[in-house]
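Heads up, the thing below is written out as C-alpha cells.
Note that the chains are named A, B, C, D and E in the order they appear, and that numbering of residues resets to 1 at the start of each chain.
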Amino acid sequence: MPTIGIADTTFARCNMGAAAVDELKQHINAKLIRVTVPGIKDLPVAAKKLIEEQNCDIVMALGMPGSKPQDKTCAHEASTGIIAAQLMTNKHIIEVFVHEDEGRDDKELSFLMDSRTREHAKNVVKMLQSPEQMIKEAGTGQREGFADAKPLGR
Amino acid sequence: MPTIGIADTTFARCNMGAAAVDELKQHINAKLIRVTVPGIKDLPVAAKKLIEEQNCDIVMALGMPGSKPQDKTCAHEASTGIIAAQLMTNKHIIEVFVHEDEGRDDKELSFLMDSRTREHAKNVVKMLQSPEQMIKEAGTGQREGFADAKPLGR
Amino acid sequence: MPTIGIADTTFARCNMGAAAVDELKQHINAKLIRVTVPGIKDLPVAAKKLIEEQNCDIVMALGMPGSKPQDKTCAHEASTGIIAAQLMTNKHIIEVFVHEDEGRDDKELSFLMDSRTREHAKNVVKMLQSPEQMIKEAGTGQREGFADAKPLGR
Amino acid sequence: MPTIGIADTTFARCNMGAAAVDELKQHINAKLIRVTVPGIKDLPVAAKKLIEEQNCDIVMALGMPGSKPQDKTCAHEASTGIIAAQLMTNKHIIEVFVHEDEGRDDKELSFLMDSRTREHAKNVVKMLQSPEQMIKEAGTGQREGFADAKPLGR
Amino acid sequence: MPTIGIADTTFARCNMGAAAVDELKQHINAKLIRVTVPGIKDLPVAAKKLIEEQNCDIVMALGMPGSKPQDKTCAHEASTGIIAAQLMTNKHIIEVFVHEDEGRDDKELSFLMDSRTREHAKNVVKMLQSPEQMIKEAGTGQREGFADAKPLGR
C-alpha cells in the first residue's frame, strides 16, 4: 500500500488538503499523511519531511499564491524549492498551485482550487498505479481545473 | 524543551528579534537562541548554523527588505537561500519579511513588523506543539500582520 | 548498447515522446525507456529517476510551455531543475521545449514540436556515438526546428 | 587568530580588496588571505575555495556590478552563488557589491566603494569578535556606505 | 602540466572553442580537452564532466546567447548552472558569453566573440600560473572584448 503525503497552507482561502484527501480516498487504497504549514514557501521542506521522515512515496503540495507581484515571486521561490526537494529525494511532488487571480470571482476561484486539486489527485493515482496510462495520454493537452487544450493534428 | 533560533538584521528599522523573543516567551517554554547579521542575504546561513551548530528545532528569519528594485532582488535571493537551507536540514525556517514599502508610513510599517513577527511566532509554537491545530486552520485565509482574508464558500 | 530515457508530458499538445522514439530508432541501436508526467515542472525529477533508477546514459526532456507569463515562469523553473539534475548525475539531459507561442498557428507549432524533437534526437545520437562530430559543428549556428543561423565570417 | 578571506575582481574600477585589507588590519589581529578573479560571477567559488582550501573563518566578496540590465542579472547570479557557497560551508561570506550606477558620478562611486567595503570590514570584525554587539544593533537601520536609516519609533 | 577544459556549442555562430585552443597554446604548456554541446544550457554539466571525469583544473565555458527574451532566460539558467558546477567541484569555470545583440553587426559580433574568448584565455593562464598578477590588476576596470573601463581616482 503506497503512502501519499498532502501538504497545504493556512494562507489558502479554501481547504485544498481536504479536497485532496477526499478525492484520493475514492480512487486508491493508500496511507494518507497530511500536514499544514503557514504559506507556500513552507511547502518545499514540508514535502521533503513527508518523504524522508514519513516515508511518503509521493506528495501533493497544495497552495494558493496571492495576486500581488510579491506573491508571484513567492510562488516562484516555492516552485523552485519544490523541484529541488524532488531532486534531493528522487520522489515526485505534485505541485497544485491556483493563483488567486486565476478565477474571475470567488466562485470560480473556489471551483478551480477544488477541481485542480482533484484532477491532480487522479494524476497521482495514475503515476503510482498505472504509469503506462500516463504515456497513453502524452501530448493530449491535459489541463487540470480548466477545460483541456486541443491536441494538434499532424 | 524545544530550541528555537531567532535571526534578524541590523539593516531593519525596528527590533524584530526582540519582538519574536517577547512573543515566544509568552506562549512556549523553549530555549531561545538569538543571532543578528548585517542584512537579509546573511540570514540563510545564519539560520542554517542555528540549526546545525546550535541544535535549533526551528528558526525564525526576520528581515525588512528595502523598497528599491535592487532590494526586491535581495529579498528574492534571501528567500531562495532560506528555502535551500530548510531542504538541507529538514527543519522549518519561518521567514518573516516586511517590505519597507508595505506600510503607508513609518507608523504602519512599525506596526506591521511587530505584528507579523508576533503572529508568525504563534505559528512556530503551533508547528512545534500542536500541528493538528494547523490542519484545522488549513485554507482559512490566515494572514500575518494584516487582517485575514475571507475564506471562499463552496 | 546505450540506454536513452525519454520524458514528456500530458500537458503538451502533441506526442513529442513518440516522435523522439521514432527518430532515435532510425539512428541508433539503444534501449529506450519512456515516462510521461503531467507537466514540465515534473520533468526534472522524472529525468533524474530515469538516470539513477533506470540507468539511462542520457535523457531527452520534452515539453511545451504555455504562452502565458505564468507559463514562462514554469519553463524557467523546469529548466533550472533540469540543469540541477544534470549536475547531480553528471549525465546530459537534453531539454526540448517548444513554447506554445513559437508557432504562428497550430500547424507551425505542430511542425516545430516534431522537428525540434527529431533534430535533438539526432544530437543525442551524436553525443553518444561521435562526440568528435559535435566538435566539427562547433560555432556553425545550428538551430533545432527552425532554419540554422548564418555562421559569422572572420 | 582567525583567518579572513578577501576576494575581489579585476572588473571593478577601484581596489576594494586593498581597502578591505587596510581596514581589517586596523581592527583585528587576523591572518588575511587575498585572491582576485576576473568578475563577480567568479566570486562564489573563489570564496568557497578560501573557506575550504585556505581554512578561512569568514570571507569578504567584493565587487562592482556594471549598470546595464545584463550586469544586474550577473549580480543576481553571483549573489545566489554566494548564498549557496555559505550554505555548503556553514561560514559567512559578506557580500559587498556597489552597483556602478549607485554613485551619481565617479567621485561618489569611488567614495561608496571604499566606505561600504570598510563598514562591512567592521561588520566582519564584530561577527568574529563580539556577536553580542551585533544583537545590540539589531533593527537600528544600519546602512553601509550611505547614511544609516532612521529607526522606527514604537 | 595543468589540464584545461574547453566547452562550446553548435548554436554559436563562430568557433569560440577553436579561438580558445589557439590562444591557450600561445601562452601555456597544458593539456587541452575540448567538448562541444548543442546549446549553452548543456554547458554546466559538460564543464562539470570535464572537471570530474577528465581531471581538468579549470574550464572555459563558451557560448553565444541569442537576442530574444527567451534566450536571455536561457543565458541566466546556464550561468546559474555554471556557478553551481563550480561550487560542487571547487574549480573555476570561466564563462565566456557573448550575447548575439552585443555586436552592432555581424563583423563586430565576430570580433567580440574572438577577442573576449582570447582575453579570458589569458585570464585562465594567469589564474593557473600567476594568481599574484591577478591581485595586481584588482580594481583596474578590466573588460574582456571591449576597451577597459577607466579606474576611479581616489
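In the analysis below, a residue touches a chain if its C-beta (ideal position, glycine included) is under 8 Å from a C-beta of that chain, and two chains touch if they have at least 3 such contacts.
Here the structure is a predicted model, which means the values were calculated and not measured.
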Any chains in contact with both chain C and chain D? E
Using the contact definition given at the top, which chains are in touch with both chain A and chain E? C
What's the call on chain A versus chain C, same or different interface residues, using the half cut on shared numbers? different
How many angstrom lie between the CA centroids of chain B and chain D, rounded to a whole number? 25
Quick one: report the Å distance separating chain B from chain E, using the average Cα coordinate of each chain. 40
For chain B, give me the residues that contact two or more of the other chains. 80, 84
Classify the chain contact graph as line, ring, star, complete or other. ring
Can you name the chains in ring order, beginning at chain D and moving first to chain E? D, E, C, A, B
Complex interface listing, chain E residues touching chain C: 8-18, 34-38, 41-42, 44-46, 48-49, 52-53, 70, 73-74, 77-78, 80-81, 84-85, 88, 106, 109-110, 113-114
Using the touch definition up top, name the residues of chain A that touch chain C in the complex. 72, 75-76, 79-80, 82-84, 86-87, 90-95, 99, 120, 123, 127, 131, 134-135, 137-144, 149-154
